[in-house]
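All remarks here apply to the structure that follows.
All chains are identified by letter, namely A, B, C and D, in their written order; residue positions are counted from 1 within each chain.
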């Protein structure tokens, strides 16, 4: 559909009120998002009406069902060809239903589901006063260490609100990569950010760090989104519209009806460039690219580990999805402006993440920096600006998200008196104490390091291949070097686990419930399958590699 | 009056807000600065909306306000809980995690 | 008939395998097995010899092809044996003398608990040596060449618990390796020149190649010969090799192995004939060595070392002769054979003396032994007469011919070489007389001897369980030892005459080596006369110095030359300072370099990243506002960069 | 669709590894026997491959080809030429001995957690390495090769770091730190090499569009696939770097001494006799076939580096105080010879190099395993701690001597043939280099005999006075190797016959013919 014909949802109000034609919404195609949002609202109602004892089960049930249903809907849509032939822009130009969005939505939903499992885990912490407890604060409002907290714990309160929050976040993430105008983008950004801010503050142990993480994340996040918004304003000012298609046309100069005002602003490249830069910056903040990465280690460390895992996986997927769409759909016309810049960002991200990670002493921070380095690798794929680039990024994201959730799930298992034992020194000799857990974690680390026969290698190869074909050979070389550096600290952890003597007062490895086991098992399975026989998923990704315009 | 001046004003407000974020310690004030930045954006939207003669910008401004309100809800919740824990709303005190 | 050739080698090889793998259960009979098998080989040799004699002169080359060894493209090495007059001569010498020495060792090694192994090594040596002389191509010869090196290594170091022995063995092997380098380079040169390294084609087409290449090949072969035959400059190992049991010195370091170099040169005659420069170098090396060895021989008080020096010098004669080309080849081999007899005899005699003297090797502690060990005295004496070239005995014929040939070379070279040879003859007479007198005549210096002087240590620790410091009771050796000595003595008396009368030996070898009479400036008679004069002078001086005057039990300080000669003319010192020390410094510094530089670079890089990481890490200072600053700066940069991109 | 023989040779040990790892902690001995049997079965398969392989036949035989990752242009393609068969046989041959030699190396010292089973792990890892090595010998798809070339680092890494040499002077604490240092060093060196190769592999894809060795080589040969000179050179360097690290070639060698020093003797053998061969093998198969022109362009430099390795390695071997380090530097010197032979670009050189890989594998195994037995008896790796062993343990000393003689490539033993072939092959094209390389044989004599003299001869040191001689198990390990050394020294024809055709192929790939003898050239 040509952009000129797009009557933006909002502009209808501008015409004299003779008749109001209701906006046309393709509910079927938006069903995944709608299901999740609906479930979230149901979750809120559950909080309101279901008795405390049974809330947990109700919430887990609702969320699980919702996510599965949403995933089923995605699969149905994809099967219905909406990913390829019938791909088009729904909701009067607000949402794009096409390959990338469906693939990413599917990934996000699966990641969400696995995340849900880790959220719902209640076997790890010793039962307080006969109540099973999960890794979230008994009562977020109560001051850490206060009597009220004691009371809450005694009463066996649990913060079941996390489940609706999770669903809200997921719903935002579902919209984010498929948003087709800047306003939707911004709203989606906030919709998935705000619940995450909250969830970061909800850790049961180490609550001070948790709250600190929340504050940092919130302030910096809000700061970033302010920039994004300003960027959006600039772009709007430049193109006179927030619709991707229109902006794209204006950028290309292929816009049909140019009124004088537009002609005036079109001439002003500063608007475009500043706007683009700022919007991109907002997205880079979310993916944790250097130099917008500094929130990552602190937040990853402070947030409850299940949240960290979910956040690390799903946020990256959503944010990269949005970034891809922005760069490929809105700004292909100014490729020659943003490619060099992104080159720089990718390089410093790859190197920065890898180098700083070398000297980390906390496993969660280590994984945070590793996630930064990986963001760099993915950016290399983004820069390829080719269909292969898109599909390689999609594949990488899918592979990466499962490894990440799995890895953080393993982190939740290694515990001592103070909760999770995240300091690396505690992990010494883990391979002796519980070889299985250590081996699984080693598999994840090797996948991060991109050793062949793991999904990490397939993904890295795909991305670098795309980049090289896109003519970014130096980028590939730097990527290779930094993954060599990165290998060093993954290896360090393995050395620690297997080759160093276990300390007598070392941590214990909790025996998780089937939920976490499922999360970890899925992680391992995906890691190996995508490592050994990635062809099917590569096909999927390459089919999904086309954006609708 | 030349609409560009409004844009300058918007940019100025945005910069003031940003500077505030960088230099103020009190979390609440920092947060208010962010609100200021958002409002700067709003101003820009409205101005552009007038320049282009379509209402998108003005409507976006409303969306922004709603989002800002939501942010306030979440943000104050977090900041208040932090304050109750530490009896201080200084962002610099919250630096357990570093390096 | 050809098929017997392999058996020549197979017999001792089998012996070696059986004795070395067999283990302790063979200890009782091991030595007899060894002797039997070497004798078997000798018998085969005799049979083949008879067969050759039965054929007419130009049809005396037997070939036996066993299998293809290394086939790679143009590089074809076969395991093929060639038995012709030349190799036949060696086969008889090796197996004959070898068998006698086996027999001798049965007695000599009686008290050694590792006698079985000793015989295993001896058999191994025989096999390797036979392979050396029977090989039909240089690569196979190389196998034998290093095989004898190995055997000699094992036997020199037979008493491994003695550090000196172990060191000597190692030294011998490594010095030989230097020579082997020459051989392998020679083979490569042949391959690049002729596309093959089998005797047949190489020697028959030698003249097709450029003289430069042939000279190179010749020199490399000479290097090999120097290593194996202890010629200057690679002679240093022979003296130390005397650490080995005396039979070993007799067999390997006198009669057979050390002459392999001469064999190599004579065998490659065709190459040398076409490369006169190489030949000249060969003669020079020979001349130098024959003097060098002789001088060293004069100064040594250790009887075996004195004999070693003599060996060196005698081989010098052979190399000199071989260097003379067709004039000399036959005589080189002839002297080689006769030398095999008398030098082996002398060594066995020395062994017998030591056997009776608690393994004392210092001649200054001998004296007047003739009445205690008559057989030894007689056999040793005959060997002595033979080596100094007493008229009628072997040495007389063979050495005389060489001296003639040297003069016959013609021109100044001829004169110089000839003079050297004569001089050598004189010195030989001197030092051999010295040995003879100090050992068998004069007063009995071994009675009530003071505590032994440090510079003359006991050679053979077997002594330790034969009562070291008790006063010796000289006695004759058992039959098993004397019989071989007698046999060799007979050889050293008659071999020369038998060969020379009617030029038997000449006609026997000529088809292989070719022969030409040089035009000697002196008549044969003149040369013989000169030799006799030198002989008398040498003997005379020796008699005046050691016969008339009593021999001091402790060596006098002596002249500068004497002292140098005692230390092998300082050649070892040179090696030690230049090669050993230098090498040690080199390796030590390389180890340092490897650790600090090569390794350091890598570790440095790692450390560098670590430090960088530590520094960058500090940026993460935990303050939200500083994070905000970095974001703000980043945003500014992003915008600036984007604008910049459009600007340029 | 015939029986996938090549796949089987790799799958069998892989399955064996899994099975061995799964053996319950208490049943250690069962695990050992299982591993041994599996390795023997693999040997049988390898022999079948050798028999089925027809030297006169097609270049790659017993080929298998299945679709794998179409998006990356990757197929599961296996096939062996003579060179691969020889090395395949070597690997399959050595593993049983390695397992048998390491019989007690992984018996747990302390009884850790009940779930901790080092023994099972040790043997499982060895089998895993075998599987990966074998498949990388068989792979005719660059990507497939690369994957296992890289993946094999992981089990190797655990073998080095997890099961160190018990004989350690400074006690267990220092031991474990040095061990993990060695392991990390090994891994990082090879990983960096591998990653740089990864860049080249990707580059190759962008140029060629697929990874099939045969197709690319053919396309290169008949000119349908043209590479810019610079591109080819960069790609070549990327590949060669990885192989040079693995081989190892000076100056990328320093990981080897540490690794061999810290790991148990069998693992050290596994490293230098089996795993490192993949590097040299890959030079021969991939560098020369894929980038013939670049190979020729780089030849001078590589030859010089190889020459340095030969001399430098030998000199450092002379300077070592630690038996295993000495052997390691000796190996570096020998790898120099192998690489020299490969890049001499003559059939003697390359056949020699291939033969050298096999012989060096056997000889090093013999020497190193005996050294391991020696070390395990005395509990020290320092040469200075020994002396006079020959007196108390003659058989051990004898086998050690034979190992040493093989290492200095004494004629009559296998290494001589290959070394001489390499020298000749080099000499025919580069006389100077050939001659300098020949000095290596003198140095070899020096370091091996010095080692033998210091450890085995001289007066008996009190510490070794009670040293027992070789046990039956140890004899079973050493004797066959020695027999093999002698046999291949006397009759190497079986191997050369298999290797030669493949070498001729390679020679034609690089458009090289052996130089003519001077006499013929003159005519």
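Details
In this section, a residue touches a chain if its C-beta (ideal position, glycine included) is under 8 Å from a C-beta of that chain, and two chains touch if they have at least 3 such contacts.
All values derive from a computational prediction rather than experimental measurement.
The most central chain, judged by the distance from its Cα centroid to the centroid of all protein Cα atoms shown, is D. Most remote from chain A, judged by the distance between CA-atom centroids, is C. The interface with the greater count of contacting C-beta pairs, when B-C is set against A-B, is A-B. A separation of 97 Å divides the Cα centre of chain B from that of chain C.
Separating the centre of chain A from that of chain B, both taken as means of CA atoms, is a distance of 24 Å.
Each chain gets a centre from the mean of its Cα atoms; for chain A and chain C, those two points are 81 Å apart.
Chain A and chain D have Cα centroids lying 45 Å from one another. Those residues of chain A in touch with two or more other chains are numbered 215-216, 219, 223, 227, 297-298, 488. In chain D, the residues that reach two or more other chains under the touch definition are 188.
Residue positions of chain C touching 2 or more other chains: 606, 617, 620, 622, 624, 628.
Across the assembly, chains come into contact as A-B, A-C, A-D, B-C, C-D. Contacts from chain A toward chain C in the complex involve residues 215-216, 219-220, 223-224, 227, 269-270, 273-274, 276-278, 280-281, 284-285, 290-292, 294-295, 297-298, 334, 336-338, 340-341, 344-345, 352, 355-360, 485, 488.
The touching residues of chain D, when paired with chain C in their complex, are 188-189, 250-251, 253-254, 312, 315-316, 318-320, 347-348, 351-352, 388, 390-391, 398, 405, 410-412, 416-417, 420-421, 423-424, 427-428, 431, 434-435, 438-439, 441-442, 445-446, 449-450, 453, 456-460, 490-493, 496-497, 500, 504, 514-520, 522. Contacts from chain C toward chain A in the complex involve residues 606, 609-610, 612-614, 616-617, 619-620, 622, 624, 626-628, 630-631, 633-635, 637-639, 641-643, 645-646.
Chain contact summary for the complex, chain C toward chain B: residues 617-618, 620-625, 628-629, 632. Against chain C, the residues of chain B that register as touching in their complex are 18, 21-23, 25, 30, 91-92, 94-99.
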